[in-house]
Amino acid sequence: MWPHGDTKAPVATTVLNHLERLRNRASFIANSCKEIRDRYDQKEDGLYYLTTANGGVYQTFCDMTTAGGGWTLVASVHENNMYGKCTVGDRWSSQQGSNPNWPDGDGNWANMVTFGTTDGATSDDFKNPGYYDIVAEDMSVWHRRFLTIYGGNLHQLFKLYPVRYNAGACGNTGPAIPIMYDFGNIETTRGFYGPNLRNQFEPGFITFRPINNVRAAMAICSGVKPIPNTRCDTEHYCIGGGGHFPEQAPRQCGDFPSFDWNGYGTNTEWSSSKEITEAAVLLFYR
Amino acid sequence: MWPHGDTKAPVATTVLNHLERLRNRASFIANSCKEIRDRYDQKEDGLYYLTTANGGVYQTFCDMTTAGGGWTLVASVHENNMYGKCTVGDRWSSQQGSNPNWPDGDGNWANMVTFGTTDGATSDDFKNPGYYDIVAEDMSVWHRRFLTIYGGNLHQLFKLYPVRYNAGACGNTGPAIPIMYDFGNIETTRGFYGPNLRNQFEPGFITFRPINNVRAAMAICSGVKPIPNTRCDTEHYCIGGGGHFPEQAPRQCGDFPSFDWNGYGTNTEWSSSKEITEAAVLLFYR
Amino acid sequence: MWPHGDTKAPVATTVLNHLERLRNRASFIANSCKEIRDRYDQKEDGLYYLTTANGGVYQTFCDMTTAGGGWTLVASVHENNMYGKCTVGDRWSSQQGSNPNWPDGDGNWANMVTFGTTDGATSDDFKNPGYYDIVAEDMSVWHRRFLTIYGGNLHQLFKLYPVRYNAGACGNTGPAIPIMYDFGNIETTRGFYGPNLRNQFEPGFITFRPINNVRAAMAICSGVKPIPNTRCDTEHYCIGGGGHFPEQAPRQCGDFPSFDWNGYGTNTEWSSSKEITEAAVLLFYR
């Protein structure tokens, strides 16, 4: 009961039903889930409205419970069709085949194009304005690992380290950053990828923009760091890419480039496990 | 004049201009057009805001006049290019050709990916969050027929009956449900499809997930039920599909799979009429 | 300090921070940036909410400073991949090759389909509901030229003059309208296009729906008017198109159809300059 004996309670204390309570989040004004958490004391996972620096308004998922909360979902990488090699849906590499004249491919790692929806983020590629708008202190991939990226965001990072065919050679990478595991560990990460690769990488890191041995660029090695002076077969364990993968083109071209070299999900020789092949890689900022 | 003699009327009674009145709908909070109708007593067709169970907000068209109103537009199926066989724009089948290794094709009948807009729903494929979020009592296709679906929605239905190549054989279908005609009737429905087919189906029903005689899956036969022990040539009169149509692949693959087998819109032999080939099939829930 | 000595100022006069001020724009109700300017006295470039005649709400960029302001960004045309000839991303021509059976191609010049985002408008094709909803008095292309179009919009214009293969012959065009230059001039415009073309067009105009010498249709010649009784090689200096470009098909098919005939960005013979090839053409209404 409203403590002051009035017949009408102030609007703010009216009991709101579930949808009304959710819609109430539209009155929050913040640039990131971290600000929502800090300024409005929200502790519930769900969809919230965010506002960009130029006034754009969008909804996205905030993880308010993992590792202190305040995580903004900004993107997901999903291989919609392992048999389609740089075809429709490969927005994080190329939707138009493997072509050395189009070295950036779709270019979405470093531009301001957005696509997909929060609800669809685990079945399709997704990228929202937070990807380029939020200045992140931390980044999380899959909720299984965290890292500090130098007060920036991936949009800025990939402008410095282009995900572009022929932008470098085997052994060149962007930063590799140690990670913390919330779930999983070094050995589960190692097992996701083909046995032939396991001496090429070191788990416990996230690595940006590796180049493979035929100068194809990828965007993220989620959970591992290529070991210097090994074969640079990063197309089998890193994701995203530019517009050309020369080896037997277009056979290695795609969002999960060549996870299926020795068969889909077989986890033999160079092939990844079915689990990792079918996962959507969710990217969060904080 | 405001009846109490005050110089200022309450905000709610201020005369609103057209756009203001429409924008006022943003204050309604409901999960479906049926709730909008019931709770806010709206009787005008148009765009309204809806809120999903997890707080997502979207606008869609509410039909508030047909058969009592309260109908939410959740999807449309449109064949953008009859000459493009499972190419870009065939989101309700496959945008990447006909491929037995990709039996679900784009998979949009059973996932939470959304696309298109309400305004564009008659010229392009469309699917909004209502498709998976609203728990429907009834469904309407094209405003010409209605049916009761067991307290669920199509998203749930197609998880039970996958629109997937090789998910069954000729004669297997999901539920077939009698329909009511608001416009048109049994004979107009029969005439939409090729004369060679008219002894294969019975008008007056909507049928879900038929399988044809070479194990290709379709999603909806709008207006008809295949008659058991006939040839199962459902590719000529049912819409949507999985990722592979074996007969002369990819010639039968697409959102309106093989409506043009004997020429576009000829309505001879196995071909549909031009009217039905160029229609957008609008799906409403209530 | 609040002048009346109260400890609490009314909410409306509370100093709003940057995001709050931007979100405040959600309370404006208008059909165009011109109305925003006129009714709410806004003088700052940025994102504003607009409402369509049927109640649809969207955000877009308003240019409130150029030539008096009030310009609504409604579309952009961007050639995402000059090497992809009517492939994914060629939404202003055809995303499915060059095909005489599909003479309109994607048909987006005259339908109500929308795509892309304001933030992404310079790196990808973009079209918002303003394209068909706003009744424009003026139109601006690139902020470098302005014209009066007869109280309509492009959606209406292209319904009258279809951007469709075989809709006319060499010499047929829609209206050609003199332009004003804010930036640039007649000679800079002339130099954008290949030297072989410079006696075929007259700068200082915008021309709609030209037909080339093999009956391919384009949508806009931005800055020039084809001179009657010349060769009608408009594929080298006009943008957008229908679904078929016969000459060496699909080599001339695309959003910037054949700007690269003698090499990408070479500005020799029939080829355009790199500057114009890589530009996004932004369309504004007022």
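Every chain is named by a letter (A, B and C) in the order it is written, and numbering of its residues begins at 1.
Note that contacts are C-beta pairs under 8 Å (C-beta built on N, C-alpha and C of every residue); 3 or more make two chains touch, one makes a residue touch a chain.
All of these numbers come straight from a predicted model, not from anything done at the bench.
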(request) Assign the assembly's chain-to-chain touch graph to one of these shapes: line, ring, star, complete, other. (result) complete
(message) For chain A versus chain C, which are copies of one sequence, does the interface use mostly the same residue numbers on each side, meaning over half shared, or is it different?
(response) different
(message) Suppose each chain is reduced to the average of its Cα coordinates; what separation in Å results between chain A and chain C?
(response) 32
(message) Where in chain C do residues touch two or more of the other chains?
(response) 88
(request) Would you tell me which residues of chain A are touching chain B in their complex? (result) 18-20, 22-23, 25-26, 46-48, 59, 80-81, 83-84, 87-89, 116-120, 122-124, 264
(message) If we count contacts the way the header does, which residues on chain A are in touch with chain C in the complex?
(response) 29-31, 51-57, 88, 95-96, 99, 101-102, 106-107, 111-114, 129, 132
